[in-house]
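Have a look at the structure that comes next, please.
Naming follows writing order (A, B and C), and every chain is counted from residue 1.
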Amino acid sequence: MKSFLKLTSLAVAGLFAASAAQADTLTIVSWGGAYTKSQIEAYHKPYIKKTGVTINSEDYSGGLAEVKAQVEAGNVTWDLIDLELSDVVRGCDEGLLEELPLDGLPPAPDGTPAAKDFLPGTLHECGIATIIWSTIYAYDKTKFPNGGPQTMADFFDTKKFPGKRAMRKGPKPNLEFALMGDGVPADKVYEVLSTPAGVDRAFAMLDKIRADVLWWEAGAQPPQMLADGEVAMATAYNGRIFNAVATENMPFEIVWDGQVWDLDLWSIPKGSKNKAAAIEFIKYSTDTQRLADQAAWISYGPARASSIPLIGKHAEAGVEMGPQMPTAPENFKNALQNDCEWWADHQDELNERFAAWLAK
Amino acid sequence: MALPAYATPLDRIWHYGFRIGCGAIFVFLIAPILVIIPLSFNAEPYFTFTAGMLRLDPDAFGLRWYEDIITNEQWMHSIKNSFIIGISATILSVTLGTLAALGLSRSYLPYRTALMGLLISPMIVPLIISAAGMFFFYSNIGLAQTYPGIILAHTALGTPFVVITVTATLVGFDHSLTRAAQNLGADPATTFFKVQMPLILPGVISGGLFAFVTSFDEVVVVLFLSGFEQRTVPRQMWAGIREQISPTILAVATLLITFSIILMTGLELLRRRNERLRGLSPG
Amino acid sequence: MADIPANQATLTTADGVPLKTKLRQTQRRMKMRALGLVLPLLAFIAVTFIWPIGLMVYRGVDNPVFSEVMPNTNAALARWDTQADEIPPEDIVAIVARDLAQARRDKTMGRVATRMNYDLPGSRSLITSSARKLAKIEGDVVWTEEMVKIDKRWGERKTWMAMRLASERYTMAFYMAALDRTFDEDGNITMQPEERQIYVTLFLRTVWVSLLITVLCILLAYPISYLMATLPLRTSNLLMVMVLLPFWTSLLVRTTSWIVLLQKQGVLNDILVFIGVFSDEGRIRMIYNMTGTVIAMTHILLPFMVLPLYSVMKTISPSYVRAARSLGATPARAFWKIYFPQSVPGIGAGSILVFILAVGYYITPALVGGESGQLISNFIAFHMQKSLNWSLAAALGGILLGGVLALYWIYNKLVGIDNMKMG
């Protein structure tokens, strides 16, 4: 029994030591799957080669819960996180994220300063954007042999395009989709949504297709639901659909009309032990070439204007990546940027309203 | 419950009807578990029996998904984690729980019922509440996302099982035996290890098994408290089911079923030994 | 012997201490020793379990944001005579404005904004943008005018009342929100607008689903427990394995198997299509909805009903039923009047256990519940992990905990935790 106890205490002590010793490594947290892979290939691998820094790549499922817990406890184990813009804004306001020096970012190859080279709205005091991603809807071509849906209105038209739909379980960005499906132009969506009548109008639109909707929560689900034949069309992140088409030869088609685009940014949790190293990594990974390289692995658009001409072919499937980007002119005609300020104001009530609506 | 010779036809119909009904309920209980086992040997990435499998074509079966576990670093890491956390939590809960059970089995212990109620409470409080509470508190003291944090949490969840099983073994315990040992000059430690321990050992071990299974199967607390580094098997399965069920999960499930059969058999053997020891009829 | 006086009957030990005293001392020592054995676990559970849960319940009323970030606001707003003034007078507004500006400089106003937004939807940007602008104002100004200039909502009573309530050090707002209630402009408790009412429905749904599952468990467990209790031991032990195997199998494994069985492309649909119940297009979705939750949870909780029922039924002597039969009772009557009443304690114990477990279930509804099969636990998790409204999560948890503890207390009265058995 005595030796038993000794062993236990040794084991416990060892574990403590293991969790404490973490120097000279960067812990970089991202969303996992194909997305993290694109970052590892385009950023981590060349950076490790160049500097010899060890990078510890972790996955999370989005949100600020872990960051908030770490910061409040004063035990920050993450050095760099890939966050959505809405979380950056909120985390910055609540003092969960470090302020970043915007002046140290490398200029474009032609000398354009970074502040001009980054697309408008992609630099934030607490976050540097890397990619532009988009929520679109995609359909299964085999279900519509006589021509598939073309517009956001078609998604809500179950008479013309019968079949089940899959949508994200939550109000964002379904309310935007609903209004655009009801004929509201992209630039008026948040104006309409800011009125109670506008929100009612969006929910009324969702009511119309409610009986035909299955709800998804994780980004991996919609392509799976399309592949299983459970639904005929699904809202999804554009990169996931692209991967299913390019690497698994799925007969899916993306409808870009009414896409709602958003940013992913690098942020540093307040109190990170390796802040300086993390900033170095941000500088490296957001230069023109690195952002263009990432686009060879996943169909998310780079946040720098100068990266766009450098986008080549997909590294494995050999597809030309330029036209696959949410930001390609052809795709960007009727696009809406997710308004994170608006959502920060209204998410509490709309989450509840959406849940109440679902439970009805 | 054999049917008597004088049973009327109605009795007969009732008798067999009842048994068929019971049979259906047993199928409901066991079928979901059995169905997973053959599917895990599916050579195709489907969750249903392929035509080849129904024909028992050997090519339709394979170990593909088991290879997947072995070659996948994340699965192997989570298996290791599950054992580290499970074993540490079990050792702690068995030690604390057995001591407490020895105290609780004395009828003269003051506030016995209230104490018992408190010590059993981790089993009763909904896991989501335990997890939320622990998440707040452990984050504040820097134990969230660490191995010790999860081990402590799982110890708390496991002790009620040890307390209950060991107290149950002690119900029939003859306390004059310890008095006899002490009269003969044994110190308390010797008395414990030479007299009480052998008798309550089956209870301790089965309590330990319960505690281990509790930790091994626990996912809610892990969901809140663990970082990526501390992912356990159930946490990994949760992620898999939530996002995309790959047949690898079925292979893991089959392994876990085998594991629980082993544990269950072990427990049954212990129970029989215990009953023999206490002079009860062997089951 | 005869010459011992009656008043010297007090017995003493060898060292002269009265036996009674000695006995009391010994008993005290024994009690202390027993307590000493329990103490380590008690301390452990208290620190790692009970204290954290107590803190969580407290978090539901704790409201430190304003006192930490805008320390002068609460006291100032408390001075506001809400009967006399529509909005607070200038001196109070000035204090709030300075606090806001300071919060902006400290980079902590986000916390205030988030807190305000819970009570007054849409006020988040009001706070952040106002604080940003206020921080730039220098010198003496009329703060009320400045603030209304920044945003006209600062001229509304609603805004100030919400801030007054949000700035209190302790608040019932979260517990009330957990019951779909809120404060109106005058600080009275009212219902949330109808389209936001969700939690009462959810609590009721959770109770209803748990009751349904409990009843299903009774209906399924009763016949098989009866069968096992009346069969010879060897056979019943064999059948017991079929109950215990699911009991010992991982929860996630069992949930996975139900997904595999019930999903649209799953085994059960395949069988039904194969035997021609419906066509390949007519496959039905039996999971990711309430049906899925109920089926999977009934399966998972069934052993918790079978085990107590079986152990009670084993003690029921068959001779009473035989006596009733021989006195002329029909089998049904004999069962209902004689056997069933004796099995009620088993039903009671099993039901409370199953109900308690069902009420707090999280994993299974989250995985197979779809949108209609979500229970209260899932919303606690949502507020913990996604919306980050930890206070509301704590309040929802506090209410759930209260209910469960009440049931636990009843269980203890009826069955006694000592009689809880496993395996």
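Convention: a residue touches a chain if its C-beta (ideal position, glycine included) is under 8 Å from a C-beta of that chain, and two chains touch if they have at least 3 such contacts.
In this text the structure is predicted, and so the values were computed from the model without any measurement.
A comparison of C-alpha centroids places C closest to the centre of the full protein.
Just count the C-beta contacts per chain pair and the biggest one is B-C.
Averaging C-alpha coordinates per chain places the centre of chain A 33 Å away from that of chain C. Mean C-alpha positions place chain A and chain B at a centre distance of 39 Å.
Here the CA centre of chain B is 23 Å from the CA centre of chain C.
Residues of chain C in contact with at least two other chains: 265, 384-385. Touching two or more other chains at once are residues 135, 242 of chain B.
Residue ranges of chain A in contact with chain B, taken from their complex: 1, 4-5, 8, 11-12, 15-16, 18-19, 29, 58-60, 66, 69-70, 72-75, 77, 217-221, 224.
Touching chain C in their complex are the following residues of chain B: 1, 11, 14, 18-19, 21-22, 25-26, 28-33, 35-36, 39, 46-49, 96-97, 99-100, 102-104, 106, 108-110, 113, 115-122, 124-130, 132-138, 152-153, 155-156, 159, 161, 163-165, 167-168, 206, 210, 213, 216-217, 219-220, 223-224, 234, 237-238, 241-242, 245, 249-250, 253, 256-257, 260-261, 263-264, 267, 271, 283. The residues of chain B lying in touch with chain A in their complex are 84, 88, 91-92, 95, 135, 139-142, 144-148, 151, 193, 227-229, 242-244.
Contact residues of chain C toward chain B in the complex are 27, 30-31, 33-42, 44-46, 48-56, 59, 220, 223-224, 227, 230-231, 233, 237, 239, 241-246, 248-261, 263, 265-267, 270, 299, 302-303, 331, 356, 359-363, 366-367, 377, 380-381, 384-385, 390, 393-394, 397, 400-401, 404-405, 408, 412, 417-418, 420-423. Chain A makes touch with chain C in their complex at residues 63-65, 68, 90, 92-95, 169, 214-215, 228-230, 341, 344-349, 351-353, 355-359.
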